[in-house]
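Next come two complexes, and both contain chain A; in the first it sits with chain B, in the second with chain C.
Presenting the complex of A and B:
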């Protein structure tokens, strides 16, 4: 599924409007975790990460793990410095008022699967 | 953060070895009255070549070909999330001292993990390293000095695995004698 379409379907708020997301950017995998070592070890490359952690480390871990985009759940929004780093690294960030559980459920309904799915 | 504190300790030891340290001390202090768990890893390496703020930046690394350096940043994150503080300064051993103090009973604190296996694996793969380990719980303490363990063996018996097995046993016995909090 195209990342742009996914963001629209879930009514996500885009925190990194400065990033031009290519029409061709598609995602088929997802990962939900707040434990960053778990993200490093288990998030599939090119996946969407759903988390409530908003620390700068999330950006570094996402880049390291090759995550395509991060959705902050439960209305969490990182500091401006974190958003700016994500923009400079070309990592699209979104936020949603919904919980990790509900976001993951909707992503699953749209056809996304976890690493072993 | 990693799932066990012992993995953070392993990461700090690996940093020190990579920086050329030959002596590394690991000190764990559990103060139940103050509800504090302290972890200190010190070495005789070259110390920090950059300011502290840079060293804990997740986008700073000394490894070439990498854009992220997550070890210290993730440890600091874990420590700060559990009401604690991570400090870096010059060690009396001559190199770097990394000290982490956190709330012992904090609900999000990672468990200490399998300290004995973790340190034994370091000894096994670095048999010449002088690793000094000390754990204190209130007034009691247990100490393992790898160079002393090594001296108990004749040079031809002195392989990493043999020393590691003894170190593992001593740490394990100490942990259960002191009734260390997981």
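Presenting the complex of A and C:
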């Protein structure tokens, strides 16, 4: 699924409007976790990460794990410094008022699967 | 210079997860029996029993007043302070940000405030097992502003450590030391922890009397005081620390 379409379907708020997302950017995997050690070890490459963890390390860990985009759940919004780091790394960030559970459920309905799915 | 043994992470019965047997007098007695000359009392998000432990110790053993802060990211950070008064000042700031217990102590455990004799003088009403509103960087800054030592707690453990929660030690955080468990000391992972270039401590993280001193740190210092501990961590004038 195209990342742009996914963001629109879930009514996500884009935190990194400065990033031009390529039309061809597609995602088929997802991962939900707040433990960045788990993200490093288990997030599938090219996946969407759903988390309430807003620490700066999210960006470095997501890049290292090859995560395509991060959705902050439950209305969490990271500091501006984190957003700027993501922009400089070209990592699109979104936020949603909905919970991790509900966001993951919607992503699943749209056809995304976890690492073992 | 002399070599002493220190166990710098011991809980009292105030921590909801610690045994009821962790009363100040009993902790001090167990520590002395195991050859320790310095201990730090570090309950979750509070320094409420440090005064009692210090009084129970008298001149027999040095008690450092500390606390184990749970940051907003669920990272455990130890703050070790120059004295009880400073520790309690920091503790008050942390406690203010915790939710109230609301009668759930049966599940989470009792939070017993004690005097030096081990008599119960009250129950902490804040939920000590919860995370504070202080983020990791704010917690470390808070500790340092109060002339405290900031230690990344049980860095080798799969829960509540900087590594487990944040994947790596953030660039903007300067810990005075990292703490690893006895299991990590015995494992081949030990070199991984030395590679951070920060002094490595090992402590028991005691929740039961039988845990006290099961692993500890050797300090090369002039006398068992907080100031000497600070100098040992900085390796000043022949002082130092090593896992024991």
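Going forward, the second predicted complex is superposed on the first by the 117 of 117 C-alpha atoms of A that agree within 3 Å, B and C clash if a C-alpha of one lies under 4 Å from a C-alpha of the other, contacts with A are read in each partner's own complex, and residues count from 1 in each chain.
Just so we're on the same page, a residue touches a chain if its C-beta (ideal position, glycine included) is under 8 Å from a C-beta of that chain, and two chains touch if they have at least 3 such contacts.
Remember, it's a predicted structure, so these values are computed and weren't measured experimentally.
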{"item": "Chain A as common anchor, with chain B and chain C clashing or fitting", "value": "clash"}
{"item": "Which superposed partner A:37 touches (first chain B, second chain C, both, neither)", "value": "both"}
{"item": "First (chain B), second (chain C), both or neither touched by A:82", "value": "neither"}
{"item": "Partner chain in contact with A:63 - chain B first, chain C second, else both or neither", "value": "first"}
{"item": "Where chain C runs into chain B (options 5-13, 95-103, 113-121 or 221-229)", "value": "5-13"}
{"item": "Overlap of chain C and chain B interfaces on chain A (superposed complexes)", "value": "35-37, 40, 55-57, 60-61, 64"}
{"item": "For the chain A and chain B complex, residues of the former touching the latter", "value": "35-38, 40, 55-57, 59-61, 63-64, 85"}
{"item": "Footprint of chain C on chain A - complex, ascending", "value": "34-37, 39-40, 53, 55-57, 60-61, 64"}
{"item": "Of all residues in chain B, those that touch chain A in their complex", "value": "1-3, 7, 57-59, 67-68, 70, 73-74, 77"}
{"item": "Residue ranges of chain C in contact with chain A within the complex", "value": "73-74, 135-136, 158, 163-168, 170, 172"}
